[in-house]
């Protein structure tokens, strides 16, 4: 990697600041111009090698030429993301610790736990948004069910003999909403990963599943699953032919997952804006759009303010979701 | 009269019952559920009861069947290996990988017979850090926190001093000298393999101080050549 | 078998046999061996870290390299199990039992060579399995539903009892304790946290690596240190003594065959398949071999050959669900899947038709990779055995150092070291009370899977336990379990009676 002399000189105040002298407002702008002047750390809340880790590493690789710095992915897995969240919130607010995770999941954590370790909206700042990825309602490809109406009819007929599979809080919530709208009471069966549901779907033990987009898109391309709808209000750009559940009568169901790059709250505004600009270069590229489409997600770029507002809205909404899906907060 | 014929069975039985009781006690708040919808407590509580039952059978066996005695448990290796590993864990965040490794080597080698003096010095060092860890982690001892922070603040110098003292004191013995040399080599090798080759994210002096110097020298060279 | 298999394999060898791809296979195997030999670092973090490198490569090369790392790590893991009693991953736990005893007897070279050759043979067979029977095997795996999995776990746990040398009672209890340890963490169904004692790093359960390194590696070190002078049988590094002699080869060959068959079948099952394979192979050996030259647990070569072959065969066939169904059967396969998707390839049945070069190239590369491992590792045996000649007082600080870095680096989490020390102490106490740790590991791995499938089956059947008898696969497995229980109980009954009579 080549470092020009100009960059080197410009980097000195940033280095000094980062080394603990603190950022005075005068230097903040200069520091932002020079940012990033050294190695950047991406925090991943999942263990190395998990699906989400692949995601984070992909972005680390794509951000490297844009940031022109080494990017190290640090896995701080555990406690449903709480460990990584706490770690980021307590990191030095200099923009060199970037938490790449789903704010929607962090919003859910605020209600899934009796005593969440950090108030995420107050202690984290969204620097850049990455994507929106709804969950999908799926049935097995061999099943005769082709539409939501047909599915509801089958579920009504089976009554409490019907079963459905869920894999994550978001999937629980979307399914609970769906059942409530149609007034049906199938039995929930929880799975650890979407892959585990496949054999039980094939044997007909499960009538439907709420799957994450990566699995749903992959297995429907593979001819094993049929997707009946997405859990966002509007359709996705990546899958324009797949209707949303909202348009098929599951009124107002809108639980998108979304990913973002977050930094500690006290990070100076100029650095947040610089990060936002750098991320947009990657997010708005055609290559990223295609990559996301393969995983059943739409790219999404927004300003830090918009994103932070969305974050706060999600935290409020999850309070109701948890009650709806009848999930007991844990401590 | 009851006579313990098999001490190993007695120990195992007591250990099993202890684990079973811990399982029951900490599992008591978990929802048991029903056969149709098992709660999170169903499986653990059953397992705990089975362990308790097995433990009881072991106890009965210990007074009915002849068995092996329990060999003595040597304290020294267990103590020093554990202390070394735990110190490594707490120190790596404060003094980086290289020094934490050297400290680990010094402490872990105490598990073999050493001179009295080094043993006392290392024990003092371990106690100092033990207090510092407790002071910074445990709420009850919060009044000691300034002391703990102070210890961790200069921890790199303490570790360096410990290693230097250890090296000086033991330099005369061939075995200990080899250990000192080896631990230095090992920590260089560890940094090379884990940080440089495998790209692990770990706090190291190499990455923080030495690599930037190299890259600065490199960039100065390239800028001179560019001109 | 499809008649086109051989022409397809030829396509594969052409695709995989390019200079570049062989180079990547070589590189992968070398990196894999290195990380396998370093205690405390597994293939999963390494693959995750190398993933970005593969973005720039063509899909086949990147998959070949990753597969190479996977086998290399498997093999390297066995090396540390044999040399220092430190299993790198779940499937090499079994290799420790007899492999390390062989090393203490001065036959480390022979154990390593048998492990390498057995693995190579199993790898070849596994490759043929994938090429010839991939799709039918996958559809067999698809027939396994929750009740069947539960019964399989029960069978696996019951066979684990045979692993232990001492009392059956203690072995059973230790397995159940393993099950209980496996349940620590967040419950899938309810989200409730169990036995976490308020420690947040326990919320995702106890990590496997710190647990086995504590229970096997550190305990072994402590055990060696408690003797004032560590005596070992003199180790000869003469070439003739490094190789297994004719007697050993003759004893190991049938074990390799049995292990391969078991491993190939169990490897296709997602979840505990590969682990079960190694444990089951050991059990089979212990029951089938009548008069081993050395007793099991005292360095029987069959106890190395069978599990090693099973373990490698399972490593090969675990590719089947990914390649034919697009479903990863273990975390390593999940990374491979991620790599394929980033390259724009949809894993699944379509790969075989849409990218035949890739599919058959990967299959061929498995064989090439296995061959390469033998080529890399056989000459290394001499070096490993020489390593054992390093005085133990120098060796053990080095081992502890690498363990600590590995365990710490997996999650940058000091509390993992705490867990390691806890299990070292626990393992040591267990040993002193005459219990063996190996069965506990199987319980630990299968515990959560077993509970999950039990609960799921009961919900599916709405609380009717007969579901386990009504399904043919499950009923067969339970019947087998009953046979194994008889096998265990009868001899131990007899023994107890003898003891009672003597009194």
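In this document, chain identifiers A, B and C correspond to the written order of the chains, with residue numbering beginning at 1 in each.
We take it that contacts are C-beta pairs under 8 Å (C-beta built on N, C-alpha and C of every residue); 3 or more make two chains touch, one makes a residue touch a chain.
Just so we're clear, the structure is a prediction, and the values are computed from it rather than from any experiment.
Pairwise, the chains sharing the most contacting C-beta pairs are B-C. Of all chains shown, C has the CA centroid lying nearest to the centroid of every protein CA atom.
Distance between subunit B and subunit C, defined via averaged C-alpha coordinates, is recorded as 26 Å. Remark: subunit A and subunit C have CA centroids separated by 33 Å (rounded to whole angstrom). Rounded to whole angstrom units, the spacing between the C-alpha centres of subunit A and subunit B is 36.
In subunit B, the residues that reach two or more other chains under the touch definition are 199, 201.
Residue positions of subunit A touching 2 or more other chains: 73-74. Across the assembly, subunit C contributes 45, 49, 189-190, 192, 412, 459, 462 as residues in contact with two or more other chains. The residues of subunit B lying in touch with subunit C in their complex are 8-9, 11-12, 15-16, 19, 23, 26-27, 30-31, 34-44, 47-48, 50-51, 54-55, 57-58, 61, 65-68, 70-71, 73-74, 76-78, 81-82, 84-86, 88-90, 92-93, 97, 101, 104-105, 108-109, 111-113, 175, 178-179, 182-183, 186-187, 190, 193-194, 198-202. The touching residues of subunit C, when paired with subunit A in their complex, are 44-45, 47-49, 51-52, 55, 142-146, 186, 188-193, 200-201, 203-204, 270, 325-328, 331-332, 334-335, 338-339, 341-342, 344, 346-350, 410-413, 452, 456, 459-460, 462.
Those residues of subunit A whose C-beta lies close enough to touch subunit C in the complex are 47-51, 53-54, 57-58, 60-61, 73-80, 82-83, 112, 117, 161, 163, 169, 187, 189-192, 195-196, 198-200, 202-203, 205, 218-219, 221-224, 291, 294-295, 327-328, 330-331. Residues 34-35, 38, 41, 45-46, 49, 169-170, 172-173, 176-177, 179-180, 183, 187, 189-190, 192, 194-195, 197, 218, 221-222, 225-226, 228, 393-394, 396-398, 400-402, 404-405, 408-409, 412, 414-418, 420-421, 424-425, 428-430, 432-435, 451, 454-455, 458-459, 462-463, 465, 499 of subunit C are the ones that touch subunit B when the two sit in their complex.
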